[in-house]
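Here come two complexes built around subunit A, the first alongside subunit B, the second alongside subunit C.
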Partner chain A sequence: MSLVANETLDAKGLACPMPIVKTKKAIKNLDPGHVIEVQATDKGSTADIKAWSESTGHQYLGTVEDGEVLKHYIRKASEEETSEEKKHENVLDLDGLRSKLDGEENISILDVREPAEYAFGHIPGAVNIPLGELEERFNELNQDGDIHVICRTGNRSDLAAQKLSEKGYKNVKNVVPGMSDWQGPTEKSN
Partner chain B sequence: MANTKVAIIAANGSLFDAYKVLNVATAAAASDAEVGIFFTFEGLNLIHKEGHKNLAIPEGKEHFQEGFERTNVPSIEELIGIAQELDIKLIACQMTMDVMNLEKEDFVDGIEVGGAASYIDYAKDANISLTF
Partner chain C sequence: MSVKTITTNEIANKIVNNKETTILDVRNTDEFDDWKIEGGNVHVINEPYFNLLDGIEDVEDKLGKDQEIIVICAKGGSSQMVAEMFDEAGFTDVYSLEGGMKAWSEHLEPTKIADLNGDGSLYQFVRLGKGCLSYFIESDGEAAIVDTNRMIDIYEKFAEEKGVQIKHLIDTHLHADHISGGRSLAEKVDGTYNLPPKDATEVTFDYTPLEEGNDIVVGNTTVKVQPIYSPGHTIGSTSLIIDDQYLLTGDILFVESIGRPDLAGKAEDWVGDLRNTLYNCYKELSNDLIVLPAHFSFSSELGEGGQVSARLGDLYEKNSGLQVDDEEEFRSMVTDNLPPQPNAYEEIRKTNMGKVTPDNEEQREMEIGPNRCAVHG
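Right, the complex of A and B next:
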């Protein structure tokens, strides 16, 4: 199966080091924060793509095997996420979210990461609307009740929480820092 | 790997040697490292204008030819092109060139020529140094 990615790179049939050489070229033209799917048949590419992502600062999301083809998902590093300044004041930490979930409160969680990030691990029951689509899709959310917005490190969710507040949503909480530190249950959708 | 510097000495000239050198070099450069290769003695074959297109498989290992074709490994010509695209510094050893009676024009375009001191100067603050 394929996950939603912004770009796809065909590196099938190529041997080391070509998959990463091609990935390097392709990611140059990708917008920061966007996701690329790299299709490869080189069995070493899983370890290599992962190591390459770590050394270049991009985010390796995971790999899906589709027959002979390995589909690697990488999200291009984005400077936006390194900013420390958060503007939405209503925040909840991960322990707070965890105890609400454990208390079996029926709470709504909005995950604003890219679909491929969400697919490789999200909180069960979380709804996925990527930050970039929130402007068009916010009305899918219920105006009443708390909305807990989460991303990877708390920055995209901060922007999303601000946007929802502007749209008239009253009880929007930014969950910090985000999925990068989440120790609770997750599920995959691929 | 930005701010990582890799210094490589290529001192052998078979097809196998070429892959060892160029795979590591291009992988490092694709990971944003700064890479320089110093070609000396038989290593000069790897950047010789014509020679690098027809490097020999070591004697007795000819049966690997089939494997290279089956696995679609890039050609050395292709890897040299990628190395140049990725701004890998290619330095030919002046002393070996003199001994072998070779000129800068005998090599692929864009190389530099230098002596042992050039390599030492380049490698003195390298994070990774390798010899093949």
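Right, the complex of A and C next:
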């Protein structure tokens, strides 16, 4: 199966070091925050893509095996995620979200990461609308209840929470820091 | 432009002869930490190739322009790229290892252990990359091989050079760390494949039972291979005494360690057998027997010319696995904190039982990494 990625790179049939060399080139032209799917058949590519991503600051999301083909998903590092300044004031920390979930309260969680990030691990029941699509898709959300917005580190969710407030949503909480530190249950959709 | 390459043979020679060289291993650090080339005078540096794509400045300073540098990766592609970068930067003595660690895993280095009765001789095949040891016994135009590795053409070629015919293939136990070449070579040369019956309860092929009392004779009555039942690593593990002088211990006793009891089931089940073999059964044998194990774990176990051997009496004094008088202490040593299991060990056992038949490439992948058959006291 394929997950949604912004770009796809075909590195099938290539032996090491070519999958990484090509990935490195392709990622240069990718927009920050976007996800690339790298298709490779070299079995060693999984460990190398992961280690390379870590050493370069890109985010390795995971690998899906599709027959002989390994599909690696990497999200290009983006500067906005390192900014500390958050504008949306109504925030909730992870413990707060956890106790709401454990209390079996029926709460809505909006995950604004890219679909591939979401696919490799999200909170059960969370709805995925990537930040970039929120403008067109916000009306999929219910106006009345609380909305808990989450991303990886709290910055994209901050932007999303601001946007929803502008659109008239009243009870929007930014969950901080985000999935990067989430210890609770997750599920995968691939 | 092409860069100079080096073969596994040449590296093996450097290691067994204690030559000084520097290896730049460009695999990712996890793989490097798991398994690397080691040896007396080999200096090893790890820098993953993907950190060098923009330039070699970070490692360049650690190395001299005229120093011998061997670049190594998993299969030989990345090492070639990195070696070319060094070459362009003005380094004069840089090589890329052909076939990388995959080829290194398959390299066998034959070394003569001794002359046997009559005109016979005993060779040890050292698989430096994986730490596996197999034995080639030849006498009077015939040969037997013990714990044959998967790369059977190497033994065939060796037999041809010596002008002997391979008659018997013997496995001291059902291996979990490497794929045995015993069965396929037996089929090819129409020889016998000898396996301990207690390790063979699930095998899908015919074999000759390796049992006490059924001595195997190599050549014209000259060389006697005497099986000794010695369970512990597996339930069937059987040692062999050759010519009343050499004790092939399989995976029961190594030079600096002892066999682990958990690879074919639960450690607790066989720890009693293991102790009995090491502390009672072997003790009744002559202290002057030369122990020839099926593995080594450390390059410190490699002796002159790359040989791995030791006198049994000396091991009773030095090997830490043989110094534990307290039974409980022994039990916890071989059942607690066991090292990670060998790569793909369950699949390897199934392959050796004939239950699955992976293709050649899959078999090579399964054998990647060290043998990990020992516990270190």
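Just so it is clear, the second predicted complex is superposed on the first by the 190 of 190 C-alpha atoms of A that agree within 3 Å, B and C clash if a C-alpha of one lies under 4 Å from a C-alpha of the other, contacts with A are read in each partner's own complex, and residues count from 1 in each chain.
Criterion: a residue touches a chain if its C-beta (ideal position, glycine included) is under 8 Å from a C-beta of that chain, and two chains touch if they have at least 3 such contacts.
All figures in this text were calculated on a predicted structure; none of them were measured in a lab.
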Fit-or-clash call for subunit B and subunit C when the two complexes are aligned on subunit A: clash
First (subunit B), second (subunit C), both or neither touched by A:21: both
First, second, both or neither for A:13, with subunit B first and subunit C second: first
Contacts of A:55 with subunit B and subunit C, given as first, second, both or neither: both
Touching partner for A:44 - first (subunit B), second (subunit C), both, neither: second
Subunit B versus subunit C as contact partner of A:117, first or second or both or neither: neither
Touching both subunit B and subunit C, residues of subunit A: 15-18, 20-21, 24, 48, 52, 55
Contacting residues of subunit C [partner subunit A, same complex]: 28-31, 48-51, 53, 73-75, 77-78, 81, 365
Interfacial residue positions of subunit A with respect to subunit C in the complex: 15-18, 20-21, 24, 43-44, 47-48, 51-52, 55
Complex contact set, residues of subunit B against subunit A: 1-2, 4, 23, 26-27, 30-32, 71-74, 82, 86
Of subunit A, residues touching subunit B in the complex: 13-18, 20-21, 23-24, 48, 52, 55-56
